[in-house]
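Next up: the structures, one after another.
One chain, chain A, appears in both complexes that follow, with chain B as partner in the first and chain C in the second.
Entry: the complex of A and B
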């Protein structure tokens, strides 16, 4: 870690001003990812503005029947919130499948949206990595890439987005609320994260100094029949090899609404929109689910060690859909 | 008067348990001498080559920096003494750290930054700019195979070449035959406490607070390297936060800390980072093992061939002795065991829990399972049929062996009889159920050790030896042994260890502490008691005056006449009358002629149940039954913990653990998130029990040792269960989901 200054935010506007005023300043939430990367010298900031004193820690109903989640709500608190548990179960499951209880008690919702990849070449601080050091190359493409993405990759980066929470949020059409130097805005989560393209260092649409204040979940009655399924080597405390957040609304034996979002296999939280569309109007069941899984993995680009993820994520999609279809 | 219960065999709580859970147990890095400076190691980012330039200017100007030490500025260090073992060269790096600018592996120490705080040293270390000339490294067993060399012995103790009968002929004419290659990956010990040292010089005297599981050897190493006489060096280590084979002899951190302290003329603390634990603190080598078995139609083994290839670094000579059990675990007339080694540009390997036995039993016990399938015989029946009634390698009897009883009890406790031998035949709902078993074995090893015992006038005793508390329960069990020999309640005996000023003890390794140090403690206690007896029986004021020695017993802190229980004299009274504060004795215990008469082997039976989702093939171990024969069990509670730890480590090796080197030789998973150890959610119902038959040929207390027995055979038992569940034979560990897709 290199030396840095630390200050506690005294209001959103002041915090935004402090961070946007200094190129090497950033916001500090729970710190579970940021501090780790600072210890590894992967991120080097000269000022951390601690935003946890800001009153962004409420979970409340919105006028439209949805839920507004403050950016500082801890992962554990959100996972165990009665409304989330009942109305958006896949989000609860996703949160509880991530990290460890200790980490979930620290990690915030805003921070989780900003979580960075576990790519070892990004984290080791010296291998070529376009994300860490633009134009330096990508050691993962021809390196050990078992954990890497097969969807949304580019010649410049194949790093997997590690979040579980974001996979559920993207299935539920969440909206990210921000407060930036240019004022407030609402960003649909599908637009929030960026695929690497030729700028893998740019991971979200946020401007420097733009603060996440909340995440809003729109009303979605079908979300009650949702499920997050995660496959990993270890039974707990591990990132996904492949995961899926799915939801189904079935009316008169026919699928009216479907959601298929994927984790562990893509460079950003991945919404399989075409696969969802293919389900609408179909009868829930093995043939439709298998076709959907196939469609969700169209355009995959596996590398030497992560080819298994293609078959694995298909099976995860099918199993998750089967589970939801069987829900009362 | 009823005999008080001996402290031996009692399930006592750990003597140091409260200190450990309340944070009062002090580990090496927690001592804080005044004026302590902090050192951080800078490591190589290439795999082979040399440092062509090391720009330290920015680091030197960094706040708080006291020194940046490179091969050009490091204080003089001689080679590590080559005579640390009774026989053979120690299998470690003899080159002192920073000796030259050659890079032999990724993560090698190339500089050390010393500053007034840890944070400032860390920040400055990131500012050291190293330039390299990179050469082509050797990275895989296959690539390096043409340069393989044959290994003759394992640390001078165990023959690695063995041939009896004619294996080729037996294979050629076999009714049933199995030939397969098994692979195990590099694994790291990953103790929770990283390797840590605080070095402090006082003139030409050196004190090391060091996470060392062999303080006497570390003292000899430091003395040799810095040109001091051994009595000028003291190594202190009251607690070790796990080692599992690491932290023995010397590793770079203790010599670098001492060199840095000498350089900056202040005490220096050096703790390896978790990432550095993957390149500077030892590891288990990768193995590739070719096994061939031949048998008669009814499963009688006629040939065993076990050819091991393992790898070592350019800087140390270590061999993973995978074939040692294959020499004698089963009865077989034709046996051939060989070991070859190649050098790869990886950090130096070393012992890791069950060196040889752990990867070796994976291969041998998997092969036996495959043979059972080929012959259509139950795997347990096959093992019983080929039970070795004597050691056929050395052609002599076992000292004590109750493996058949382990099989019998394990069979019963697990319910093996209900197993349908057909793969994929057993289900739990949608899940495939697999049952597998394997034999566990680890030799009974005991080296020379010395101990002292002092009985004090307050009716208590202190026993001491330079042994180590590594999580094994040494404080507890060695106090139990002393208490039993002294006839004192165990809460009146304290054990001291972990200090090179104490009498010599061997490394805490090879599962020998109880057997080796315990024997010395017994001998010293017997001598101390003889002094007390002499004081009492020659003192006219004693009720025991004139009674013959063999008519006396010690119990509850008193000497008591065997003939007349009313005649007794408390230790405290004897000493008070003699105007003595205490009596003290020391003694050495070493194996004797029994070593040539018998072979010593601890054994056990491991049974494992796995459940596997056929579509999402994560292997979950749902049940383990282990029954063991380690000789006498002196503390069933700490003994059970030892076995649980071994089994869990075995489950990790079977399903999760693997240090990955990429195509450039970099370790790509050097942390506890990406190097996967089992967590609570991976554990299951583990049933541990012991036959508990003392091995009186081995040592006075009849205990052979536990630490490494529990891990042996687990890998194979899991792989065999996976085969039974899925019909897929996995011959390379760990068994990750993609291998079952």
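Entry: the complex of A and C
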């Protein structure tokens, strides 16, 4: 790591001011992504503002029947929260499928939303990578791209978004609350992450120095019947090759509400909105689920080594939907 | 070239080599570190970011006054600054668990934790598990069940298992396996680690001898 100064935030406004005031300053959460990337010299900063002392560590009910999750809530705390476990089970499952118990004890909700790709060409610090060094090219496109994305890709970047948590959040219509240099705003998570397009270095809509303060989940009674399924190269402590967060509300034998969100296969947490719509009004079962899986993968653009992900994610969707349909 | 620059460029080369082994779990070489062991040395005049700062670490119940650059990780501060070499550096990137310690009773990877960020908190390492000469039940169970071969991952396994017991969630063998999955063992001692952790969890060794 290159040398940097460290300071503890004394209030959200002060932290925002400190970071927005210097291009080489940034927020420090659990450090599991940032310190890793600074050791690799993929990121270099002069000042880290530790935001973990800020009182953004509560999980509380909202007036509308939803839940407000502070940005500093640790991933392990959120996963084991009784309300989340009961009302949004796919979120607990997604969190518990990520990283390791130690890392989940460190990782914050804000940091997880902002975590960066595990693309080896991004991480190695020297390959052409438009995300790390704009206009340098993309070594992954014609390199060993087995772990890369098949959805939301561009000419300039095919890096997979690594987060499990975000896949569940996007299925539940989460809203990201921020405090920035220009004030506060609420950003629907579907708008929060950006597909790479021709600016893969821009990964979210956040401005420099804009602090995530909370994530809100709206009331969603149907979310009790949700599930996160993750397929990976080993049984634990590994990123997804393909994953799905799904939910179903079935009334009188017919699907009234459906959610299908995908991880491990796309450049951002992926909501398959058309596929969801195709389920509404159908009887839950193999034919409808297979058609939905097909629709969710419309427009895939596999490269040399990641074509298997197309079939894999379809099966993940079907199996996850079958699991939810069988829930009492 | 100043000695400081020397240290930096050596660190740069090391990190570059690690970067080449992307995705894998490489063994890092012990690095020369920007650590000063005592707090009463004169502070050099400011020359850019990253000047050493006083850091009071509470480790295994004892306060230590160090002067560290903010970029020094808890793992390096423990090993190089306090010579508590029980905690191991396997990958230095959160990928192996060899550096696991408890901070305020919660297991974390000390390689991704900044030492300055733990000021005011209680750090427990493998050296602090035993009660004097009386080994912790987990240590006894690891010996009894031969739960290690080379022993490199063992301090991390022990601290992680201590965290697991505190959390109190893992009950079945599958749950213990999953909850211990943040600790890689290159020797593959997993079956015996499982037996040792299971035995302590079940309270067989609850009474200290």
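The working rule: the second predicted complex is superposed on the first by the 328 of 328 C-alpha atoms of A that agree within 3 Å, B and C clash if a C-alpha of one lies under 4 Å from a C-alpha of the other, contacts with A are read in each partner's own complex, and residues count from 1 in each chain.
Assume a contact is a pair of C-beta atoms (placed from the backbone, for glycine too) under 8 Å apart; a residue touches a chain by one contact, two chains touch by 3 or more.
Since the structure is predicted, the reported quantities are computational estimates derived from the model, not experimental observations.
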Who does A:52 touch here: chain B (first), chain C (second), both, or neither? second
Taking the superposition on A as described, I'd like to know which of chain B and chain C A:102 touches: first, second, both or neither. second
Touched partner set for A:126, first chain B, second chain C, both or neither: both
Regarding the shared-chain residue A:198, is it in contact with chain B (first), chain C (second), both, or neither? neither
With the two complexes superposed on chain A, say which partner A:1 touches: chain B (first), chain C (second), both, or neither. both
Tell me which partner A:312 touches in the superposition: chain B (first), chain C (second), both or neither. first
Contacts of A:236 with chain B and chain C, given as first, second, both or neither: both
Could you look at A:41 and tell me whether it touches chain B, chain C, both or neither (first, second, both, neither)? both
Going by the contact definition given at the top, which residues of chain A touch chain B in one complex and chain C in the other? 1-3, 41, 118, 120, 124, 126, 235-237
Can you list the residues on chain C that touch chain A in the complex? 8, 11-12, 15-16, 18-20, 22-23, 34, 48-51, 53, 69-71, 73, 92-94, 97, 100, 106-109, 112-114, 116-117, 160, 163-164, 167, 169, 177-179, 181-184
The residues of chain A that touch chain C in their complex are 1-6, 28, 30-32, 35-36, 38-41, 46-48, 50, 52, 80, 99-103, 105-106, 118, 120, 123-126, 235-237
Which residues, counting only chain B, touch chain A once they are in their complex? 45, 63, 119-120, 122-123, 126, 615-616, 618, 620, 655-656, 660, 662-664, 666, 668-669, 673-674, 676, 678-682, 734, 736-738, 741
List the residues on chain A that touch chain B in their complex, please. 1-3, 41, 118, 120-121, 124, 126-127, 139, 142-144, 146-147, 231-239, 241, 308, 311-312, 315-316, 318-319
